[in-house]
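Below are two complexes that have chain A in common, paired first with chain B and then with chain C.
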Partner chain A sequence: MIQLQHLNPTEADTALHRLDPRVKLIVALSLILITGLMPSGAFGAYIALFALMMAEAIIARVSPVLVVARSLAVLPFSLAAVTLIFTGPEPYLAALPVTGWPISEPGLVQCVSIVFKSLISVQAAILLIATTHFTTLLWAMSSLRIPGVLVAIISFMYRYLFLLADEAARLSRARDSRSAVPAGSPVTARSLIFRARTTGRMIGSLLVRAFERSERVYNAMLSRGYTGAPMQIDPPQLCPRDVLIGLIPVLIAASLLAISLII
Partner chain B sequence: MSPILSAPPAPPPMHAPDGFFSVWLSIAGWIITLVMVGLAIRNTRSQLGERQIPLMGIVGAAIFAGQMLNFTIPGGTSGHLLGGTLAAIILGPWASVLVMTAVVVVQGLLFQDGGLLVMGINIINMGIITSFVGYFTYRHVKKLFKDSRGGMLAGAFAGAWLSLIVTSAFAAVELAVSGTSPMGIALPAMVGVHSLIGVGEGLLTVFALSFIFATRPDLLTGEAAPGQKAAGWVLTGLLLALAITLFAPLASPYSDGLERIAEAFAEPSEVEIAPVGFAVPEEAVFNGKFGESPYEILPDYTVPFLGESGASTIVAGMIGVLIVFGTAVGLATLTRVRKKEELST
Partner chain C sequence: MHHTIEVENLTYTYPGGHQALIDVSLSVGPDERVALVGPNGAGKSTLMLHLNGIYRPTSGQVTVGGLPVTDDNIGQIRAWVGLVFQNPDDQLFNPRVFDDVAFGPLHMALPEEEVRRRVDAALDAVGMQDYADHISHHLSLGQKKRVAIATVLSMHPKILVLDEPTAGLDPRARRSLINLLDSMERTMLTATHDMRLVADLFTRVVILDNSRVAADGPTGDILSDGALLTEHGLEAP
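Entry: the complex of A and B
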């Protein structure tokens, strides 16, 4: 069944929720950048960064367990780094029993480091979106000089995403209800071309409906005075207190980076 | 809706998360992406005018929703659309860049499908490369068949298939340059898998397009999209950049060091690369040289993850990509300026 499983900001009203979205966006990016710059194998620093994320989660009253659980969605990508274990240089720790591939110690360290860094980074992104409404984030993006046209396109996409996902769900329910198969027969009873044609036409019809909807939306906007430029509320002054609060996690992470580079 | 769900997002994650590409490559990716988005905004303004914002936003949402429509494929899994080529055929390559950028941004921010720092690279792979490769393949094949309906569909299939091949090659090179996956494994694996996934993408693109052609042929406005010459330069630049990154390490002054490491790697890489049933001559392995595996594209190239040679490869590759890309974008701008002058005289 198709359903959108995205993050909504939690209801709580904590210091992290109230922080200026521009500060939060930059802090999240800085934390991900610092995590990325961490040397390979600095496991102490990874644990400290992880603790920092969990501390933020607790301050924001977001369940740390759920943050971790949700971040595990990146694990399938570890497959890209797993090859390092068997292609890395000596010393070898052991050999795989059946294939005899040697397990390289530096390769293993590198692979585990990539996965850890990736988990910490996605946790930072989860905390950002769990404490900030998406529209606020878009507003922060445009006041950080991301081209206004792009931000406007993204905000339109966000606005109609759920509507079109429902439409896709209805299309796929209709397909399923018309393609019953006798119990026991394989799902792939019809040819691949047949199945691709059905799905392709569904996508085509989704696009035609999207086009027609955008024509109606455009006309409605035009009648309400749309001139082509997205309307924007002037951003409020950036409060120095927010900047200072934002500096705390960044400084902690940066000093962790400095320490692990020196050691 | 519950605030945080433990279940994975409905469409399987398909964009690289943070950590899998090196920081410097990610920053270069963001720079290229921002330049391309800027160019795309300028190029689409004349095409669609103020209509463009609601249109592109809603088409972006439709591409996103279309990616959720699965169909069963042999092997017990399911395939779905990526949509870069389809969007480029319908809207033209530049508008498609904007639509696909919006899709990648929403997937990364809202669904954590794709990292934030590596988002630039994800936009290049999923949006820019697929749009340009798909669109130009489509145009040329279609012209070859004298613009017939069959030629249009053949072009759409070829474009969608090729766009996935090229983008997977790019992803493999990016992984290798970042030291995440050795090139000898990542390249054949990624290209191999995507040459199959590409068939699904091609079929879905063809059938979606033929549906639109049958019901609303007037929507296929991408045919008259402006800035095509400029877009051609971008495509050339992209492909040159790929070629340079692929072959630059062979000419690297560090090749001695690389070869030394390659020697140490030879055996495991060989096992990994050789397809089932492919016998490897034993002397070849002991000599530290690779056998004649059909997948050997860069025999002496292995990305080391430690030491200076790794950093040098990354820097060299990045500089190469940036120079070529910068040249392409510069030429693109020049072409457009000249065109404007022609129009004004």
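Entry: the complex of A and C
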């Protein structure tokens, strides 16, 4: 059984863990929105936002190092921003050796800003997941009237992520068990292309299995009266204290945004 | 006329052209327990998916509790027929056990109090009362099978239709599941390869082979007919 530890909240029981999940969800989304709206090159504000995330991590007794380390997973997606460096306007700082592409100063600033902003946004999401159980989060989404179909899709993603990970692990174990090597050969007798093709077929087979499973799951839903209409138990009232606590980081971030827009 | 299943001359052809059921007729009376046996690919699962209208006959008719399976009756029929799928990972599609057991009752638009009561009672009936807040993925296969049964018990079905309830279970989990099924006073139609389960629990056996009903009779008669069993790839317990 594959354990996706990153998806589980930490063991600690802090004020942030206990905060109403609806408040946490809105706060995290607001922080991400505000970070996204920050103007390019407002590095002071980025540092302040980063400090805010680290402060939250400390309050939630989640290791700040861990939060930063996990957020690095977003870096490959920020790669798209690298093109800005070479397509931005003048002034140019230098030219890239060999290709001679010019390095644009505003482009560089934009690229670095996007990388910082994406890291901070992901850190906000990591803190949310680290303090809230996924099922609680789903409940929060539906009680905030996020459309039932969307919540259902996210719920399925969580439910079947484990199964697909298990299935992928079984497939690769089956492959490894039959990937024998003739005596005296190096570690693998086959070319990279051969192995890539095998992996491609495995991914294809995983896709087909997922597709067939989706049909069986849908049949199971229909059997129990699913009509597509959203169904849920009415959520309890929000506690004003929780709303107040949630307002603090949002207001700090919003004032940072206001300041950096004015300057 | 409640608690009954009537299948008349049911023929079903899959969109690809494969004939999964040919002229199948079958009648299950109130509180009768019928085992559906036969080789893999005989059409057992296809037949079961007709009993609550997931599949509709290419020709022929299915009647449940006196109501024909049509779009107008489908809501009522799905409340009557508790269909438990073979793989509990298909049946349990919510992350949390509670939400899965509550799914059926919530769709019947029952008040919250009643939903909670039914979830408690259903989990209690299958011996899983302490697992409401557990994540389904972390349960063992035997536990998942029990929860899968609870997800239909919470709908108070009149008829239980089970696909391979004991497949893949270790002897203890299998025995406790058989005891659980034995304690239920309901019309029951179960597809299985487990011939000892058939001998223990069912009064009547229907053999489905090659998309057709090959035999239909009291369990004692069918299980003692060695030639018949061999002909359809089955073994006496």
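Assume the second predicted complex is superposed on the first by the 190 of 263 C-alpha atoms of A that agree within 3 Å, B and C clash if a C-alpha of one lies under 4 Å from a C-alpha of the other, contacts with A are read in each partner's own complex, and residues count from 1 in each chain.
In this section, a contact is a pair of C-beta atoms (placed from the backbone, for glycine too) under 8 Å apart; a residue touches a chain by one contact, two chains touch by 3 or more.
Everything numeric here is computed off the predicted structure, so don't read it as measured data.
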**First, second, both or neither for A:134, with chain B first and chain C second** = both
**Item:** Which superposed partner A:10 touches (first chain B, second chain C, both, neither)
**Value:** first
**Message:** With both complexes superposed on chain A, which partner does A:102 reach: first (chain B), second (chain C), both or neither?
**Reply:** first
**Asked** Thinking of the overlay built on chain A, is A:255 touched by chain B (first), by chain C (second), by both, or by neither?
**Response** neither
**Prompt:** Taking the superposition as given, does A:158 touch the first partner, chain B, the second, chain C, both, or neither?
**Reply:** both
**Message:** Looking only at contacts as defined up top, I'd like to know whether chain B or chain C touches more of chain A.
**Reply:** B
**Request:** Please indicate which partner A:223 is in contact with in the superposed arrangement: first for chain B, second for chain C, both, or neither.
**Result:** second
**Message:** Residues of chain A that sit at the chain B interface in one complex and at the chain C interface in the other, please.
**Reply:** 134, 155-156, 158-160, 163, 213, 217, 221, 226-227
**Request:** In the complex, go through chain B and note every residue touching chain A.
**Result:** 1, 3-10, 12-13, 16-20, 22-23, 26, 37-38, 41, 49-66, 68-74, 79, 81, 83, 86, 90, 98-99, 101-103, 105-106, 108-113, 115-117, 175, 179-182, 185-186, 200, 203-212, 215-216, 219, 261, 264-265, 267-269, 271-272, 302, 304-306
**Asked** How about chain A: which of its residues touch chain B in the complex?
**Response** 2-11, 28-29, 32-33, 35-37, 40, 62-63, 66-67, 69-71, 73-74, 76-77, 80-81, 83-84, 86-90, 99-102, 104, 106-107, 110, 114-119, 121-122, 125-126, 129-130, 134, 137, 147, 149-150, 152-161, 163-165, 167-169, 171-172, 187-188, 192-193, 195-211, 213-214, 217-218, 221, 226-228, 230
**Item:** Complex contacts: residues of chain C adjacent to chain A
**Value:** 49, 52, 54, 75, 78-79, 81, 83, 85, 87, 89-96, 99, 102-104, 106-108, 112, 115, 135-138, 151-152, 155
**Request:** Show which residues of chain A lie in contact with chain C when the two form their complex.
**Result:** 1, 134-135, 138, 155-156, 158-160, 162-163, 213, 216-217, 219-227, 229, 231-234
